[in-house]
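There's a structure below that I have some questions on.
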Amino acid sequence: MVLLYIILIPMLGALLSWLLAARKAALGRWVALLSLLAGLVLVTGIWITHAGNEGSFNQWLYNWQQPWIPHFGISLHLAMDGLSLVMLALTFFLGALSVLVSWKEIKFRTGFFHFNLLFVIAGIAGVFLTMDLFLFYFFWEVMLIPMYFLIGIWGHERREYAAYKFFLFTQAGGLLMLLAILGLYFVHGANTGVYTFDYFALLNTPMERALAQWLMLGFLVAFVVKLPAVPFHTWLPDAHTEAPTAGSVVLAGLLLKTGAYGILRFVLPLFPEAAHDFAPWAMLLGVAGILYGGQLAYSQPDLKRLIAYTSVSHMGFVLLGAFAFNEVAYQGVVMQMITHGISTGALFMLAGVLYERIHTRELGRMGGLWPTLPAMGTVTMVFVMASLGLPGLGNFIAEFLILLGSWQANKVMTILATVGLVVATIYSLRIMQRVFFGHTERQYALPDLRPREWAMLLPLVAVILWLGIYPSPVLKTVTNDQLRMSNEANNQKPMRTDSSFVMRTSITTDSLIIPN
Amino acid sequence: MTFDDLLALGPLINICGAAVLCMLLVAIWRNHRLIYFVTLVAFALALMSVVPIAQLLPHTVPPLVVVDMFALFNSGAIVGSGLIIVLLSYNYFEEREERKEEYYLLLLLATAGALVLVISRHFMSLFLGLEMLSISLYGLIAYLRARPRSDEAGLKYLILAALSSAFLLFGMALVYGFTGHMDFPGIGNYLKQIGTLPLPVIAGFGLMLIGIGFKLGIVPFHMWAPDIYEGAPLPVAAFVATISKGGVLVVLIRLYQDIHGRDYTMLWWILAITAIASMFVGNWLALTQQNIKRMLAYSSIAHLGYLLVAFLSGAQTGLEAIAFYLVAYFPTSIGAFGVLIVMSSSVQDAETVEDYRGLFWRYPWVALAFTVMLLSLAGIPLTAGFIGKFYIVMAGVDGQRWFLLLMLVINSVIGLYYYIRIVAMMFRTTDTSERVFIRPSLPLAGNVTLGLLVVMLVGLGVYPTAMMHIIQQMMTLIK
Amino acid sequence: MTLAGILFTLGLVSMLIRRNMIFMLLSVEVMLNAAGLAFIVASSHWGQPDGQVMFMFILAMAAAEVSVGLALILQLYHQLKTLDSDAASRMTG
Amino acid sequence: MLWLIPALPFFSALILIVGGRSLSKAAVSVIACGSMGLAAAITLVLGWQFLQGGENAVAQHLWSWIQSGGFNAGIDLRLDALSLAFVFVITFVGFLIHVYSTGYMAEDADFSRFFACMNLFVGAMLMLVLADNLLLLYFGWEGVGLCSYLLIGFWYKDPANGYAARKAFIVTRVGDTAMAIALFMLFQHTGSLQIQTILSGAPELWSTGNETVVLIAFLLLGGAVGKSAQLPLQTWLPDAMAGPTPVSALIHAATMVTAGVYLIARTHVLFALAPTAQTAVAIVGAITLLLAGCSALVQTDIKRVLAYSTISQIGYMFLALGVGAWSAAIFHFVTHAFFKALLFMGAGAVIVAMHHEQDMFKMGGLRKQLPAVFWVFLIGSASLSAIPFITSGFYSKDQIVWLAWSSAQGHSAYWVIAIAGAFLTAMYTFRMVFLTFYGEPRGHHHPHTPGNSMMIPLYILAACSTLAGFVELPHTMGHFTLFSDFLQPVLPAVHLVQESAALEWTSQLLAAGLTFLGIYIAWVWVIKKPDGMLRFSQMPFMQWLRAYWFTGWAFDAAYNELFVHPFVRTARMNRKDIVDRIYTTLARIMQWCHDMLARTQSGLLRWYIMGVVIGAVLILSVLIWRVYV
């Protein structure tokens, strides 16, 4: 039941803020902010209570089910485990911040803006919670429309083009996924006589290899488009660049993660064997993303576009790690989802804060801002370093674990990906150089960070540092999922690696039995 | 002709009676409001009379008609949409034509024709229904004599329809001439006996397919659609888009089933090709169409394509899918026209995309309604259209028609573009002060109806179970 | 039967080559009647009345069609001052 | 209390970052130097205890850092002889340099940012040398890289500095990736990154020369050459001189650049198991020391001379490591830290005195104006060029020269190179000295002697760089081996093959002789007959050679052509993202289809009829075809 609240809170907040904003804009903002904070409190509360007793994350924390369309075996089935928990925490955290960041930026039709914003977040929360494939697709689509509005109404110059592109890409992927879902549905029905969209029922559906591969691809396409991986990434730079800051934050921080989440939650457990066969190609895609995205990021003249391409590069790591099929890589992927959400979200916020001051995204027209904005420069430095994977900041943990794990699976790919770290250094340092260093003719008289901006940036700095120095809480929380994943992988096929520890992760799947 | 028969034909009789009544009224005392109400009542009665019939089914009135659950269901759908159309019509005509009364007469007749089609299982009834439908449509389409485009559309429709029915008739004649049967089951059995399809029969079916395909407006017989939609009065366009197509589709299905069309692969192939062609052509034509009426015409072509996919899936779920899709599609597209109606002024129809620029900021509720309609057409969740499309895809997967499905997916992505284009236009924030917009007559009745439709669509989208349940029963009975 | 077929094709062809709307209407009639003829033949072949009944319907429907059609043509003529069907092409795209 | 050593600098760095701008310069200097001084003091205490208590390591587990699957890395510190040596140098020299900086940077507006970075650096460096597992070491490794980046680009207004900074970061990062891969392999095979586990486990796991361990060793070497500016990744160090001089002294002479040496010494077991890799280390060192020496010979910027000499000296250390003379390398590291820091800071003093003039040809005759600076600088130079008996440089370098030949993995070729290197060193060092302090004043500045805050550290370091040599004396001179004994528990002693004292004498004498010869040539070159030298260097070949050496053997140009330009060009070309074309084309095709079909909707009745008929014909023909074919 609490799970339902997690989804409903933002929805109600959305409606409320829309209604109240008609009366007074600030009211709407506050409602939106508070409802998201409420969600955050709720989730963290769950986290803390369960973090207390050991091993509580080795099972499903909550599980709630109601029939919806029994005729098709569709039910409102929500369940939460460590992975969902962490992702939800991230969702509400970034959500609240994105309300803050648009506090001054969004000047017109604030009510409708916050309605959309919160609705997206509700959709995302739904995606992270649902255990019914139909429902999953439902939420998957529900996210899109409000996101479309966020980009299309409050975006920058070419907003409508970007919005179309975003919408069509994700829709195309989604429909293919729908085909795959239905295919799975019927295969399972034909085998067992039970026609259901329930995730747990569909796990370990026996099917012949070729079919499994097709279905797996169907799912994968949707997620890879959302992730995004080369060559399906081209919607992302436009969408990120044209979206308002909050939109970019939500896109980069959360929406992309739904793709990664989908891979971890659905592709790998549902089609372990097929995924294994496809792994080399998936990793290749990942590496291609890392290098190609990195180079493009380097060449971009537009700050937000640059950051957008860095997401392409970073999400490549996710793909690389997810298909390495071992615990280390898996936890690395989860870390990467979180840390990338935070670091890139922060970079977009900074870009927005900068835009409010100098009204340009052109790197060519920036430079020499350090003396005027030293505090902002320092904060930016932190996140730039995070994005190039400096030890001590969260992203390093993520990328190191991913590479460490993927090394067991595929040496060549890992080496190429490691080269990606150099590329990351190149483009990241370019940000600092072009924006803050160098000299400038213009005499800026710009205010440095204001209290509100501190309020939204300091938490991010704190979190990224915390994740870099003491990531154990997160790693502990997501530990069980990849047990399930990797041992399903192992059940299907022994690991192709001589490493000593991957075997240790194959533990019995008691995590599958759901406590009622 | 027993009492049961009469009861079974309740809706039809209702409508026909109303038609006669209207005729008399027109002769005695023409009064728009009065006739409006009469028609309304007639439709309402017909709709109610659908419910009790369900007990005594399936009921055959040999040789011409059969009233089974499928027929009844579709009659319900037709009458219901007729009702909505009537609701929307009043103000539209009140503001325009000086002689509005015959409109209702024709509308009733056309509906009657559609109802006959739905229950017909015999060439004769098929032909009768078809002609009742089309002849009254000539009148309806050309109804607004003041407008040149209107009767141009009427004439085009007339000539083409006549042509198509000539094809149909000749096809019938061929079939009849060879098999000696005019009722579908008879033909079916006869063909089963002789095993193969002799040439004349093939040719006959081919010709009939042309006739029916024209009425459905599927490629390559689609060309009339945009002109007719553009020329016709908006309610009539809605009628053409929904009722006439629905009726004909039902006949097609019935025919196909009774003659065991599934056994003759070539028919399947022809239909498959037309389906794919319809999807692509429809969507492509609609892609950057500036006139929303035409856009809707093209989109309806594409939607027929989707329906055919479900129909061709051959799976049991296929028919369910069609039934549900019709239920979802009728209100959706009527609603879309309804928005056009309420947005139109007394002198001009709001039909270009430009008329809707920034609508959301001027008339948020209408815009939201239109958005829901368009999203439902595009098949986005929370709307009935989504469940409908989902149902169709399901049927396709069930029938393993992967290629058709792929086509469908591609097309729904193309389709998205132009629906979203209009939505985007409505939400566009660029300042709209300089241009003068059509002063919309937002009639109360129209708005209420739209509200109902929106509720209905969202309801179907969020909780489709009840409707599915009904369809389920229907399917269990039809076998 | 063959005759019917020939008639039908004739009607079709004339429909294609004619531009005058009246003539178009006429050729449709021809086609319809061809179909009717076919029905007659069929019914006589099977010795059933159905064909004739059908023919009745066809005649009635043809009549109705012609009447409505002529009315429309008349109106259109008022507006266009011509019977050329190509003139009636104000809706494209 | 071990954790305090890195914690203190980190803490003060934090304070300075957060509140630096609001603090007065005095407060900043107190915080920065105070934390350093405390750290140094603690080090002394700990070192004392360490020497008292017999156990050969003090470990401290702070908290578990990463725990994932079988992988486990904690924030674990470990102090043994090797790290103690480094920690001592870092804190002690670091402290002096901090004090010096308070004077050197006094005028700078970004005073607090400077000290924040310096402290951050020291903290990271201490982490590096105290780390008990390779991941934590990697943490420090990257951390010092960051600080070096920040400090090289400290004067950010000049894009050139920014470029140098990024170059330094990126080039070292290239090495780091190699190191990272080495870490992956080590973990894959040993299941841990704990240094001690690896070192103890390696011999059982791998036989000598096993290709896995060789590969690992090579990859580690890759990391080392990156940080320590050895061939082929040495190009960043000369540019790094764009930073303030104390930075050059601390990071690019005394501590960070020797991290590579530390890494190899730390993982010496692996290198011992991989002879090929170890030979590679020796060869890299040997070649580097020659190339850098030659380049140093022709520089005009005083700091670049010192930079190249640093590269060359680290080359010596690598050579020592390569021949298995572990303790010799560390010994040279210690002495080098002293005298190179001394030299840099002396140069800094000169530069300040000359109002930030770095070109030696604009100096000259400073012996009179800056006597104090002259003397300390002379001591440093003497130590660098290894004047026999009285300088620490002599003892450390001489040991390497001798062992390069005599040790088990040694080779006469190494020895020859080392000797030649010694000759070069003397030559360029004293060329620098003579150019700077002798002759007529060429610059038209009026130099002023820097204040005590700058001079006192110089005096201390001068003392150190003289005395530090006497902790380790060669066989020929009383064979006093305090230092190598001290390192014994960590680093094994070198295996000698030649024990003959006569040979060693000859080697030492030869080295000494060449040193003096070098000095003499320098004297001739600069003071006796500069015009003659001028004519000599005017010869076309010599000019070409000078230009070639001046640009550091044109490595930069080569790398630009090979890597930088291709990358940048392709990036520029593909700015619009070629992949996007696919989709735009797709959209265009759709549009085209629309236009084509829209044509068919001509509104012509006849045309529509035609459409119907064509459809009819198609359908019928298909049907009939299906039947009869």
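Letters A, B, C and D mark the chains in the order given here, with residues in each chain numbered from 1 onward.
Convention: a residue touches a chain if its C-beta (ideal position, glycine included) is under 8 Å from a C-beta of that chain, and two chains touch if they have at least 3 such contacts.
Because the structure is a prediction, the values reported are computed rather than measured.
Trainee: Could you see whether A-B or A-D has the larger number of C-beta contact pairs?
Mentor: A-D
Trainee: When you take the mean of every protein CA atom shown, which chain's own CA mean is nearest to it?
Mentor: When every chain is reduced to its C-alpha mean, the one closest to the whole-protein mean is A.
Trainee: At what distance in angstrom does the C-alpha mean of subunit B lie from that of subunit A?
Mentor: It comes to 44 Å between the two C-alpha centres.
Trainee: For subunit A and subunit D, let me know how many angstrom lie between their CA-based centres, rounded off.
Mentor: From the centre of subunit A to the centre of subunit D is 38 Å.
Trainee: Distance from the CA centroid of subunit B to that of subunit D, rounded to the nearest Å?
Mentor: So the centroids are 79 Å from each other.
Trainee: Taking the mean of the C-alpha atoms as each chain's centre, how many Å separate subunit B from subunit C?
Mentor: 25
Trainee: For subunit D, which residues are shared contacts with two or more other chains?
Mentor: As it turns out, subunit D has residues touching two or more other chains at 598, 601, 603, 605, 609.
Trainee: Could you say which residues in subunit C touch two or more other chains, in rising order?
Mentor: Expected reply: 15, 21, 24, 88, 90-91, 93.
Trainee: Taking each residue of subunit A in turn, which ones touch at least two of the other chains?
Mentor: Correct list: empty.
Trainee: Going by the touch definition at the top, which pairs of chains touch each other?
Mentor: Pairs of chains that touch one another: A-B, A-D, B-C, B-D, C-D.
Trainee: For a test of understanding, state which residues of subunit D touch subunit A in their complex under the given definition.
Mentor: 17, 21, 63-71, 75, 135, 138-139, 141-143, 146, 149, 153, 156-159, 162, 166, 169-170, 173-174, 176-177, 180-181, 183-185, 187-188, 191, 567, 570-572, 574-575, 577, 579-580, 582-583
Trainee: Mind pulling up the subunit A residues that touch subunit D in the complex?
Mentor: For subunit A paired with subunit D, touching residues are 165, 230-231, 233-234, 237, 295-296, 298-301, 326-328, 331-332, 368, 370, 374, 378, 385, 390-392, 396-397, 400-401, 403-405, 407-408, 414-415, 418-419, 421-422, 425-426, 429-430, 433, 436-439, 469-472, 475-476, 498-502, 504-505.
Trainee: Enumerate the contact residues on subunit B facing subunit C in the complex.
Mentor: Per the touch definition, subunit B meets subunit C at residues 123-124, 127-128, 131, 135, 138-139, 142, 145, 148-149, 151-156, 158-159, 162-163, 165-166, 169-170, 172-174, 176-177, 180, 182, 226-227, 230-231, 289-291, 294.
Trainee: Given the complex with subunit B, which residues does subunit C contribute to the contact?
Mentor: 1, 4, 8, 11, 15, 21, 24-25, 28, 31-32, 34-36, 38-39, 41-43, 45-46, 48, 50-51, 53-54, 57-58, 61, 64-65, 68-69, 72-73, 75-76, 79, 88, 90-91, 93
Trainee: Per the contact definition, I'd like the list of subunit C residues that touch subunit D in the complex.
Mentor: Subunit C residues touching subunit D: 12, 15-16, 19, 21, 24, 85-86, 88-93.
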